[in-house]
């Protein structure tokens, strides 16, 4: 269908899909380091990420939409992260959680740390902090939802 | 009684015994029969021209503590894995990071870094500016490359 | 028989590997015949980086070792670093460290208790444990401003003093927590299925435990009454009364019970610490402000502390500079993990998960 | 007078053949809608219930109280890329989720939903031997799981499938035996004792009171058949990543997911019908249907609670429990039922 | 002290009590704080983002030295400030900042300090804050 002919139906369908995607981000249980505990904390009672529809932490990458890279990515782990990312079905999103994942953080001067997971997988939202508080990560997820809906400017 | 080179007291109030490389295994066996059943730590310290290997021995029953030091010029030390199984991973780690070869170790492989990593990072002459990359081949085995295009 | 074994690769991304442990298992049906742990997926070269930073900066790397009980790591590092630098902390700071370290131990054990439930397939206790942990983290935030990687203690004391509000909050916590703890405890131990998954599984004998360098709750569950807080007291642990929980069974259940009893004992220590908390300075003026980066030390020191996982040793070799010459960390979990291939020989896959869960793995500390 | 005839009565102007064909189609659609609405409600209920017992709130952003959460999930799953693993066995891999899903839907067609004075009989398809039908269909669902596990060529999936077969086989027999006891007792009063409807309508006391052992065995076997903790062998989250459904994406996974929740609902309805009186209750001719659903949901909540508070049982102990404990108990139950039927004339 | 093993019970009783204990939480209040609508409790000392008082900064570079990750770099900024003759102000890379608070601790004039701002998530990997941006509120900083 040409761009000019996109009927009301396709637009509505597209909108509905976007709405569904943004409201049902199932994260993958990929805990690497310190930030993984704070990632578990957003799942826990105090901050309860299930309010945003991200309740189900799927263990299998085939069934998850969101990869929260939580914790330092070492050079040895990076190919595995790439493989897990490749196993996920489109549309898939990545949140880089913590400064180690963003630019290497405190370990940037070392010899085994990847300076930013965006060299390995494309990242949608960066959440700085070491580790980010659960609220900050939740804000990151809200930012991702806005990005999916095309609302954010940050 | 095995000969020791010197005996001193450290800042932490623990006895430090310096033994030669040849006498290490007999001395350690003697310590084991003396009741030092817990090998707490194996450390290798790069002193630029030589390497100190430091063993922290501990006796659970008597709560005694002894530090045994060995100085080696060619970075080869006999392994104490036969005396304390706990030395197994420790020695692998020190081989990995400092490059001390423990003779007689059953499985002396790198533990943290992939097998083909060049150099031993905790050596003082390790060049951090030469960046090494790790990638994974088809079978899931790691290989090391200096080519930035292949790594992450 | 060998050609019928299934080779199964578990991890590094696996729900119950507590991070990035990878196990190469050879399975005969459901039974594990061979197991080889592969570690190093979180090797962050902290020991190398410690040689490159000032003494006060290196606390950052220690916080991130045992990230669930970060305060215990700080205590361990500072025990060594302060002796090297000759900057002893004042009494108030020491008591504050005792209180905070014990709170951190409770937090670490709570994370373990919740995650152990998840390992066994028990969903709910995880949430109760984390809700309680959240209260401890609020106390930490109240005290220093960060939740998990606190960087609270510094060379020669603590960064910020305790005020009345924090003490009140700790007292509130001491009041409400024991009841919740019993509730969580009952949820586990009253369950027949839980008992069947833990009782008599993964038995670790005393001799094997000592020879493999296993320490902490795992060693105590095997019947050795050994706790560095008692055997070689640091801070003010010789001035508080507490019991060392042991068990002679050495199985998963014993480890579980020992950890829960430790939480109760930690509560006792905190209570006594609050009573004995003296007035006075909380910071050694020798290490204040710009002196932070000018402290020099020499000699070598090996400090042993009891972290939530076991004997946490920091061995610092100094050469008289402002930066340490060599830092070596004896991480308890590294030694505890080396027992896993021994314990999980010829057990079922499900039991192996239960055993590896009971070791309390934290990879920041194993790989460093 | 059941739904089919009722619809046919409306469509009778089209003639016999076309009328009945249309009536069947409309009836199937009604069934699909009913089942999917019930399942969506169930999953929503489960999420909310789980959240509340864990001191959380649960989904509350999408729609009022998060009621549209499941719609969002379904939309998202539909829009996902479908990945076919390279080394799959093509046919089993593709067919497996549909076997599970349609097996489930079919089973709902044979359940008697009550006999209301306004609508008449609510049963979709009436059969004299509906018990045999339902249990035959229930036996099909594990085949889907096995095909999924074997077809996706993944070691975790394979182990999950093997576990779920071991579990299903060992709980099948006690389940059937305890149903047999009920059929035996019902046969004293009705000639069509293999029909669920006549079992419910002719009972004097709910069979759960007469044979509590049977209820116990059936309840445990039902939880096991539905793959719920402590018997969630097929999934085994913490051990086998995601069990037989490890390699499935998008809607195919959703079918398994629905199958998981659907089978617990189906099992609960079966227990409600067989053991606690089904649609019987005060004013059953007006609200009998509601009674059935309420009883079913209460049982579902009980099994949710079991799921949330229990660790997973080990596979060998599970098989032991099936063969060594439940089987003898269900034999005892059978004997007791015989004594009750013959000796006391219940 | 020997830990107490749990007592032997009749089977299923313990499971039932566990179920009741779990189900009884249905009647307790959820502990959830609904974050975006309700601000979470932020203790007074809660710290997350570095801010700078431009007028107080004396350009002593202590913060640059003490930063364990090298997140702080001094930058030349022509600005009227009699106390800062060298015209050096810190800029912070939040992509590596671990919020260790060493800079705040060491600063002789408390020019560099940490604030409660935690909503710093972005869709671009650019977290380098110039001194002027550091002095701003997080909401005003647009990247």
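Every chain is named by a letter (A, B, C, D and E) in the order it is written, and numbering of its residues begins at 1.
By our rule, a contact is a pair of C-beta atoms (placed from the backbone, for glycine too) under 8 Å apart; a residue touches a chain by one contact, two chains touch by 3 or more.
Since we're looking at a predicted model, the values are computed, not measured.
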**OP:** Leave out chain B only, then trace which of the remaining chains are still linked through touching and list those groups.
**Re:** one piece
Original post:
Can you list every chain that touches chain A and also touches chain C?
Top reply: B, D, E
Subject >> Third chains touching both chain B and chain A >> reply: C
Subject >> Chain pair with more C-beta contacts, C-E versus C-D >> reply: C-E
Original post:
Among the chains, which one keeps its Cα centre farthest from the Cα centre of chain E?
Top reply: D
Original post:
Of the other chains, whose C-alpha centre is the longest way from the centre of chain C?
Top reply: D
Original post:
Once you find the CA centre of chain A and the CA centre of chain D, what distance in Å lies between them?
Top reply: 36
Original post:
Using the average of all C-alpha atoms in each chain as its centre, how far is it in Å between chain B and chain D?
Top reply: 60
**OP:** Could you grab the centroid distance between chain B and chain C? Build each centroid from C-alpha atoms only and quote it in angstrom.
**Re:** 24
Original post:
When the centre of a chain is set as the mean of its C-alpha atoms, what distance in Å lies between chain D and chain E?
Top reply: 50
Original post:
Can you list the chain B residues in contact with two or more other chains?
Top reply: 112-113, 121
Original post:
By residue number and range, which residues of chain C touch two or more other chains?
Top reply: 14-15, 40, 43, 45, 48, 60-61, 124, 127-128, 131, 134, 149, 187, 191, 193
**OP:** Find every residue in chain E that makes contact with two or more other chains and list them.
**Re:** 15, 18, 21-22, 30-32, 34, 68-69, 98-99
Subject >> Chain-to-chain touches, reported pairwise for every pair that qualifies >> reply: A-B, A-C, A-D, A-E, B-C, C-D, C-E, D-E
**OP:** Quick one: which bits of chain A touch chain D in the complex? Just the residue numbers, please.
**Re:** 16-17, 19-21, 23-24, 45, 48, 50-53, 55, 58-60, 62-63, 65, 87, 89-91
**OP:** Would you mind writing out the residues of chain E in touch with chain C in their complex?
**Re:** 1-6, 9, 11-15, 17-18, 21-22, 31, 41, 43-47, 62, 65-69, 98-102, 105-106, 108, 114
**OP:** Using the touch definition up top, name the residues of chain B that touch chain C in the complex.
**Re:** 10-12, 14, 37-41, 43, 45-46, 54, 56, 60, 63, 65, 67, 84-86, 88-90, 93, 97, 111-113, 121-122, 140
**OP:** Could you pull out which chain E residues touch chain D in their complex?
**Re:** 15, 18-19, 21-23, 25-26, 28-32, 34
Original post:
In the complex formed with chain A, which residues of chain B make contact?
Top reply: 112-114, 121, 126, 128, 131-136, 142, 151-152
